[in-house]
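Several structures are given next for inspection.
Next come two complexes, and both contain chain A; in the first it sits with chain B, in the second with chain C.
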Partner chain A sequence: MPRISPAMIRKVASYDPLLGLLLPVCRTAEAARQELHWIRNEGASVQRACALRARSVPLQYVLGSQPFGELEILCKRNVLIPRWETEEWASELAARWQTSRVTAPTVVDLCTGTGCVALLLKRALPRAQVTAIDCSPFAIALVTKNLHHNDIRDVTVLQRDILRDDRPAIAADLVVCNPPYIPRDAFVRDVTTSVKMYEPRLALVADKEFYTNLCDVWLRHTRSFVYEIGDISQAHFVADRISATTWSVGIRRDSNGKPRVVYGFKTDDVQLNKLYDGFGYLVR
Partner chain B sequence: MNFTKTLRLMRNTTLLRQPSFVARRWSTTTSPTIDDVEELHPSLISRIKQYVEQLHGLEQMLAAGGSFNAASQILYAKASSIKDIYERYQDQLEGLKALREMMDDDPSLKEDAEAEYAKLVPQLAKTSSELLRKLIPPHEFADKPCILELRPGVGGIEAMIFAQDLLNMYAGYAQSKRWKYHLTSKTENQSGSGIVDAILSIDEPGSYDVLKHEAGVHRVQRIPATETKGRTHTSTAAVVVLPQMGNESEKAADAYERSFKPDEIRIDVMRASGKGGQHVNTTDSAVRLTHFPSGIVVSMQDERSQHKNKAKAFAILRARLAERERLEREEKERSARKDQVTTTDRSDKIRTYNFPQNRITDHRCGFSMHDIEGVMSGERLDDLINAMEAYDSDLKARKILQEV
Partner chain C sequence: MIHTRASEIAVMNVRWLCSTTLRLVKKNKLPPRPKFTKEMEAQCEEKFLHGGRGPGGQKINKCNSKVQLKHLETGIVVTCQETRSRESNRKIAREKMALEIARYLNPDSSTDARTEALQRWVVQGKRAKEKKSKLKYAKHEEERQSKQQESLRRDAAIIESL
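Right after this comes the complex of A and B.
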């Protein structure tokens, strides 16, 4: 990252003081301009928005939303902001299920947060039975708001701690999950200031708990799964823990080239073999 | 008396050599003398008769209780106006023939007849020019809405400011016509005034046809605000006019995207380095499309939504491909005809906006006017557009005559 000197800030601020506020958080003059354009477009109070941005408050909290596929997802503090990487795999996944012959799959979205993945799938597959689960009351409240905001009905929303709750799980065709995946030590080292300061730790920090939970609990109740990962070791962890005789496991990269998803399906399922063909590369 | 007689004989001999008044030369600029009666070529007449027949067909269909679809409505309107003008043309031509006979046969009426004749000749010329324009085949994108791409050319910041001025001009023009338009994207100059590029979409069907001649290099001459010695600077901006072939909706883009083979197109998303995912929360929504067969690259970063940026980028790609194919087709036809007809080079300046003189000149048609403010606000841009349109349809009409 280029260092931003006070002189540069002064220079940019001389064109427009608001740009001076945005520059440190946006890093480049071009990004600052782009962001100012978005802030103006959104009809937000520009002064207030820029002042908040200068304090590293995420743009999505300032403007109150984040586009996600064709949806507009409302964003609030205490709930993680949807990322483009998630949008990317969720959109591709939705397109694949849309063209498959299973028109009314049962889908469970664990760690749903804003509900973005659950809503995107429900929008693409109107006949799907979608359940969205999160342990955070803030998330649960926001999912309900988002359903309403996007005019989507018939999604079951459950508040549960999936690591502790041992109520019988739902039999599903697909379990999706973007679990917290940043190990404690990496949190301090690799996470950007804005994320650290303003997004909930509960949504971010975990090691392998959720992948263990996948292997030990959810695998028994589903025909396929798609989990986001932050590091390739998490994919290998799943691949190694899973029965090689019944499951095919693959890794999908995001368009930045980073391993982003571990996915799997029952090897003997012809339909699912076809559905996931080319989604990533199989490792098992 | 004798003298007149000889003259008449001479006239008759020319008439004998040219039994029907064969079109000799087409020109609307020279005013015709009495001998300049220009009758339309038979092949044009037969084209007109086709329209008249089609019109009768449509009328019969209506009488039989049928109804029009959009296409037949357009045809009906066109054919009936052609028929009207053609009837006027026939009347005027008949009139001329009758007057000539009168001039030739009845010396007592000669003077009146000649005056009458002289009045009617330019009227006929006007009518046949009107008719010719109607017969010019419509532009293949005539009914399309359009997209204007603006970019500064030479002249640094002044060029960027001028590009912004042109953007305002076209937006103002659309507004004055009550056309729907929207700014698809705009990149402002980082260091203050002007723009680096902009894309303005004008959603009115048929706006392509109106604005197509705006494409090219526009030149401005003015004294920059920062210029202390009062020197006039010259800078340029380029305008590209594209047809809107679909819309920017995400559904249309998805369908269009699927029409390409996977190896024809690459979609890049421009992302920062680093771990990504939950580690960062910046808005990274920029999209870049590369279309390999044509080498066209479209970048879009106007929206916070990557999905929308992609949809917009595909709309632009589609428009650029359509325009490029049209130009290539045109080029092929032209070389097949060994056509030398004035084609403007795309690097030629089409128009100059001279601020000190309050003057705008279109170099293609030679039209000048003195109202910079009126034009730059869009209010009086029509004066230039109409002048160019008249010039262009004249050229085309001339070409039709050459081809028959």
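Right after this comes the complex of A and C.
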């Protein structure tokens, strides 16, 4: 990324000192102006917010929340901030289940973090039985807060390490998961400063562990799954490991054109064939 | 009855409000905004705009809520990133689009009555604010002067006692 020159910062700061604080972290004057507008709109202490942003603290930790569909998800240090890519597939998935004939599906959200995906699905499908699982005590505490904050009830929240603890898994219609998916070398190379400095590594760094866990553990207990991916190789890994005779597997791109989700359903299930038709493209 | 200066100001304030309310534009009684119809929804193409290349997903935590709406028949394009919420921006973009389409269909009619009223409403709010701050300033000034006189009197008393 191009370096932002001190001259440019000075120029922007002479216009508004707060913009000068935001420019290095926002990268462009346009983005800085936009962010200042949001900060002002949300009634935060503007000075304090800009000072924290100048130190690369994520805006969502500064303002304390991130919109996710129609929900407002509270965000705190030690728990990953929900991303727009996740919001996008989760919203589309919720809409599809809403119009399907299964009105009360059993849903398991693994690696739930703030609980954003679990809560979005529960809001869209009030009769669904939703279980949210994470190993981090910070995440578990925040999920509970978010349930209250969004006035959602009846979501089961469990603290478990899903890679070690394979107590009889829940029989589900849908397993969703946004697992840590950034390999160690890519973490050093590609991850932006703000993420590296302030978001928990536990939520980010892993290679194929969680996709292996899907194939070896969760597949036996569900009719369909939707997993976020960081790289297309992770989708191929799942497709190659899964029985081609019983499972259909697909890849869905995000609106920026990047492969973002690997999903699958039992091939002989007529209902699910219809539900996932057009969600992505089938590779198996 | 004896008024202190501050309560006089309060009374003036009330009177000013009473005498002017009739001419004020009310925010909840603006001319209606054009509706974004189901047909329009079908005629529009929606896009979510992002920075383009570069890492995505968990690697970056930039807020991305920009929405673009294109009305295919007229080529009208509106964008919105007013809020951090993509859902809200989608709604606002549709309101903007409905207004643009109304303007397009009816370039010089009353479709802009709402905009005009809104503008008057904003100006009116600004005036009220100015008045308020003038009053506040007057009050501060008064307090400042009385404090000054008080301290002068005290100084005089001290000098006298010497």
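Assume the second predicted complex is superposed on the first by the 282 of 284 C-alpha atoms of A that agree within 3 Å, B and C clash if a C-alpha of one lies under 4 Å from a C-alpha of the other, contacts with A are read in each partner's own complex, and residues count from 1 in each chain.
Convention: a residue touches a chain if its C-beta (ideal position, glycine included) is under 8 Å from a C-beta of that chain, and two chains touch if they have at least 3 such contacts.
Note that the coordinates shown come from a computational prediction; the quantities given were computed from them, not determined experimentally.
J.: Return fit or clash for chain B versus chain C, each positioned on chain A through the superposition.
T.: Overlaying the two structures gives a clash between chain B and chain C.
J.: For A:33, decide between first (touching chain B), second (touching chain C), both and neither.
T.: First partner only, chain B.
J.: Counting only touches as set out at the top, which of chain B and chain C does A:15 meet: first, second, both, neither?
T.: first
J.: By the touch definition at the top of the document, which applies to A:181: first (chain B), second (chain C), both, or neither?
T.: After superposition on chain A, A:181 lies in contact with both partners, chain B and chain C.
J.: In the superposed arrangement, which partner chain does A:260 touch: chain B (first), chain C (second), both, or neither?
T.: Both partners.
J.: So, A:59: does it touch chain B (first), chain C (second), both, or neither?
T.: A:59 sits against chain B and chain C alike.
J.: Given the superposition on chain A, at which of 23-31, 131-139 or 149-157 does chain C overlap chain B?
T.: Of the stretches 23-31, 131-139 or 149-157 of chain C, only 23-31 runs into chain B after superposition.
J.: Does any part of chain A touch chain B in one structure and chain C in the other, and if so which residues?
T.: In chain A, positions 34-35, 38, 58-60, 66-67, 69-70, 80-81, 83-85, 87-88, 180-182, 190-192, 194-195, 199, 203-204, 228, 230, 254-256, 258, 260 sit in both the chain B and chain C interfaces.
J.: Touching chain A in the complex: which residues of chain B?
T.: Those residues of chain B that touch chain A are 186, 188, 190-192, 250, 267-269, 271, 274-285, 301-308.
J.: Considering only the defined contacts, which chain A positions touch chain C in the complex?
T.: These residues of chain A touch chain C: 34-35, 38, 41-42, 58-60, 66-67, 69-70, 80-81, 83-85, 87-88, 180-182, 186, 190-192, 194-195, 199, 203-204, 228, 230, 254-256, 258, 260.
J.: In the complex, go through chain C and note every residue touching chain A.
T.: 47-48, 50, 52, 55-65, 81, 83-88
J.: Contact residues on chain A for chain B in the complex?
T.: Its residues touching chain B are 15, 29-31, 33-35, 37-38, 58-60, 66-67, 69-70, 80-81, 83-85, 87-88, 91, 180-182, 190-192, 194-195, 199, 203-204, 228, 230, 254-256, 258, 260.
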